[in-house]
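Below are two complexes that have subunit A in common, paired first with subunit B and then with subunit C.
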Partner chain A sequence: MTSLIQANGLSKSYGSHQALKSVDFSVKRGRIVGLVGPNGAGKTTILKAILGLTSYDGELKVLGLDPARQRHQIMQKVSFIADVAVLPRWLKVSDAIEFVANVHSNFREDRARHFLSKTNIPMKAKVKELSKGMVAQLHLALVMSIEAELLVLDEPTLGLDILFRKEFYNQLLAEFFDEGRSILVTTHQIEEIENLLTDLIFIRDGKIVLDATMEDVAEKYIEVMVSKDDAEKAEALDPVMHRDVFGRRVYLFEGVSREQLEPLGELHSPSVADLFVAKMKEGK
Partner chain B sequence: MTAIKWNDQQPIFRQLKEKVVELIIDKEVSEGEAVPSVRQVAADYQINPLTVSKAYQELVDESILEKRRGLGMFVTESAREKLLESEKSHFLDIEWPKILQRIERLGLSIQSLVNDKQTQVEEK
Partner chain C sequence: MNIAMGNTFKALVKREFWENKGSMFYTPGIMAAFYAVFLLILVMFGNAWVENGHYNIDLFDHLPKMTAEFDSINEEDRTKVVQMGLYGTSVSFIFVMLIISLFYCLGSLYDERKDRSILFWKSLPVSDLMTVMSKFVSVTLLIPVCYFIVISAFQIYSLIFATVGAWFGGSSGINIWASSNLFGVMFNMLFSLITVSLWLAPFWAWLMFASSWAKKVAFMWGMLPIFLIVFAEGWIFRSTYLIEVIGERFAEAGMILASNVDRLVDGDMLDGAGSAWYQVFGNMEFWMGLIVTGVFLAGAVFTRRFRDES
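For the complex of A and B:
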């Protein structure tokens, strides 16, 4: 089985509001997939469905299992950090480790202790005595010590300063990720992780508007800064978007060959953030 | 390795590859020495491990690096010589003609530039 997640026609409605409109996607093993979309686009609904936390229509398989009915089995191999990284405030760090060790069969206590020994978090401290960054570190230490095949991260670094954010992803790459596992991550700080991703999924109004490997993205989307004289030629190639910089125009092209664009100017790869803006405005 | 500022004109794996080549040519990493593991480089630069593997693999294909089973990736004995050779021909075939063009366009002469350089060296 190469797909850890397989969704076909996944849909979800809250009353008359359709949060997911029949989406198809898959997450293969050994990938780091960024799920990106504005607030209310359906990201959290997708994550909830994967984790068996909400009902849905359509077909969804996680590790070959059905999240709505086989949640317990799935959670042996799937771990999760939510944007609201909540740990009980009265809990001691050592108790947190003991608790997870008791409830989770794939948890490796020695690993958790090892991770924490590299931080400034004292074993005896209570959660309420830790800084926000430390709570995130503790959470990550617990989650990385679970021998999971799929790690789901929902805005994991929200509210953390840049040092903690970098440290967070550094730890994930150095200590957790390998070709046998996959990570599905949502974040608004997309520019910080774009080089980390192998795949990119954009979601807008409950629909997937982009689903590609980063290699394909780099091949398909090209930005060119064009002088005024060449603007007409650029327009003729049907750019998806343009923005003005210093009186010159930067055009974004989708699926136009490098050979065709090279005469117009220097070619650049758009940042994921720029691409995101373009895809969210498209057709509006 | 120090921080790298990636540009958006070339894929990152290629820029990383060039960085490794630079380190070998500048003798920052010697022949027979190990290069950092894929995992280490990925974590340090916050880039995907596949990107690092791709850069390393191309260097293996060019016999600049070699995989030693269970030990990691090492710089081959002839790496620096090979790189110097290819960098030289790249300079002569591609960079030098461009520099020459620029010298001519600016109305400078190669001879006077060479003379200036020599006086500078002698004055030191």
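For the complex of A and C:
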């Protein structure tokens, strides 16, 4: 498997503040990677470095190219939607398609028109006349019509309602994603995409605290609901975290075998959100 | 430049037109429409106004006399009168064009950050150099061409208007058209507009550079440094070099524009040596200005490329 993104010792400082502390990670082809972390953890810095929008130290290759110097070649094969990448209000829908078609050699105009025909977006409307959801639909239609190898999404559904958010990701899976492409996504609404992800990266204070495939996560992290009587036995196995639910206690274990845990109670895979909370509290 | 880059560049310039249609085309268009209607009103009701006023001058009584007078003067003078009239119609348009160009440059690399669309533009495979150049070409070529189209339309309207006047005065009006040298006027008009914009290019490029790093109120970032440097220069060196250079640039821009009329009145109107727009290209200062332009544009490209949008 080839790596679309390869970072070794990637660092970034803003003055005396170290936003990224020498992180290593890779994104392979055909994966959907969730990059999750609290605000200020360095997510956006990583994305900006990948997209050549900020300077950095260390080694970073995107599609084998250097984003600091070859950004414009990289953008031939990389698309992104960020909550801050707003479509200009004065732009007409039909003009937006014409423009992207003229500047992007990998843009498939017929696809964009096909996607838009399935929405209520009028071709003659200007962006400022569209609802927030429609603007996001338009942006998604444009981006999905680009035959990109890597799609970077930074809070793409921020401020949209739940119906639209589901539709957004469904469309992305059905119409865009395949084994030749990868998606790197950050979002606060992690529970909405956890079934989509193939890989998970957690970042805290500029460091990666988890980097694993979803299969590895399911194998390594196990949640057990334990009755109060067995609490002591569970504590003995050194759980990473516990929380109380209806008078019972749910323990989260890392790297403890199923055989050891089964006598304690029913085993579950933790949700990404619970795992995230555990990882963020670790060592604090 | 290969075909793909050519397409990209065309699309970028078109993009500028879409965004700035209002100031590039509708503004002069509305001005022209306003003048056109104003002229009509003047003729239709002008008669009544003067009759009720103190001076009892009847336009329609005078038309035959004016027409006869116009037809009687020699051809050379007639040509001057008509062409000067045609150039005269363009003055207010050119003035507006320069002001529009100024604000266009100030917004060129600032508005995309203000409306937060810059990351959308940057998500497309377009280099910052191409983007900045498309904006520079818009101010030095697209805006002059737009204004030229409107000015030409209004000049043709003015000729038709005068012809109808001549009909009322009992003449065919053919002399007006024969003396207009319309295509010559249009040709000179188009190229003086472009030349003036190129002559002022260092100024446009400076404003674009300011626009690329302004955090707020691009106008202030564009103007304040100039005033500060002029002020500092006067205070430290007791000299006025910068303001003189800037002032001369603008004065000479005026001369380039006036050259079309100067030529008609034998070059004495503004006491300028500039007798034609194309002579600017033989002027060393013009080329030095383009070098300065290049430096500021490079600054704008660099700022747009490496500015951290957070």
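In the analysis below, the second predicted complex is superposed on the first by the 282 of 284 C-alpha atoms of A that agree within 3 Å, B and C clash if a C-alpha of one lies under 4 Å from a C-alpha of the other, contacts with A are read in each partner's own complex, and residues count from 1 in each chain.
We adopt the following convention: a contact is a pair of C-beta atoms (placed from the backbone, for glycine too) under 8 Å apart; a residue touches a chain by one contact, two chains touch by 3 or more.
As the structure is a computational prediction, the values presented were derived from the model and not from experiment.
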Checklist entry - Quick one: subunit B and subunit C on subunit A, clash or fit? => result fit
Checklist entry - Thinking of the overlay built on chain A, is A:16 touched by subunit B (first), by subunit C (second), by both, or by neither? => result neither
Next on the checklist: In the overlaid three-chain picture, which partner chain does A:269 touch, first (subunit B) or second (subunit C), both, or neither?
Outcome noted: first
Checklist entry - Where does A:104 make contact in the superposed view: on subunit B (first), on subunit C (second), on both, or on neither? => result second
Next on the checklist: Quick check on the superposed pair: does A:39 touch subunit B, subunit C, both, or neither? Answer first, second, both or neither.
Outcome noted: neither
Next on the checklist: Just to be sure I read the superposition right, which of the two partners does A:53 touch: subunit B = first, subunit C = second, or both, or neither?
Outcome noted: second
Item to check | Partner chain(s) touched by A:170 [first = subunit B, second = subunit C, both, neither] | outcome: first
Checklist outcome for this item: Minimum Cα separation between subunit B and subunit C after superposition, in Å, equals 26
Next on the checklist: With the touch criterion stated at the top, can you tell me which subunit A residues are shared between the subunit B interface and the subunit C interface?
Outcome noted: none
Item to check | Touching residues (chain side subunit C, partner subunit A) in the complex | outcome: 4, 7-8, 10-12, 14-15, 18-19, 112, 115-120, 122-127, 306, 308-310
Item to check | Touch list for subunit B against partner subunit A, complex | outcome: 6, 8-9, 11-12, 39-40, 42-51
Checklist entry - Inside the complex, what are the residues of subunit A that reach subunit B? => result 32, 166, 169-171, 173-174, 177-179, 192-193, 195-198, 214, 218, 223, 266-271
Item to check | Footprint of subunit C on subunit A - complex, ascending | outcome: 44, 48, 51, 53-55, 72-73, 75-76, 79-82, 84-92, 95, 98-100, 102-105, 139, 143
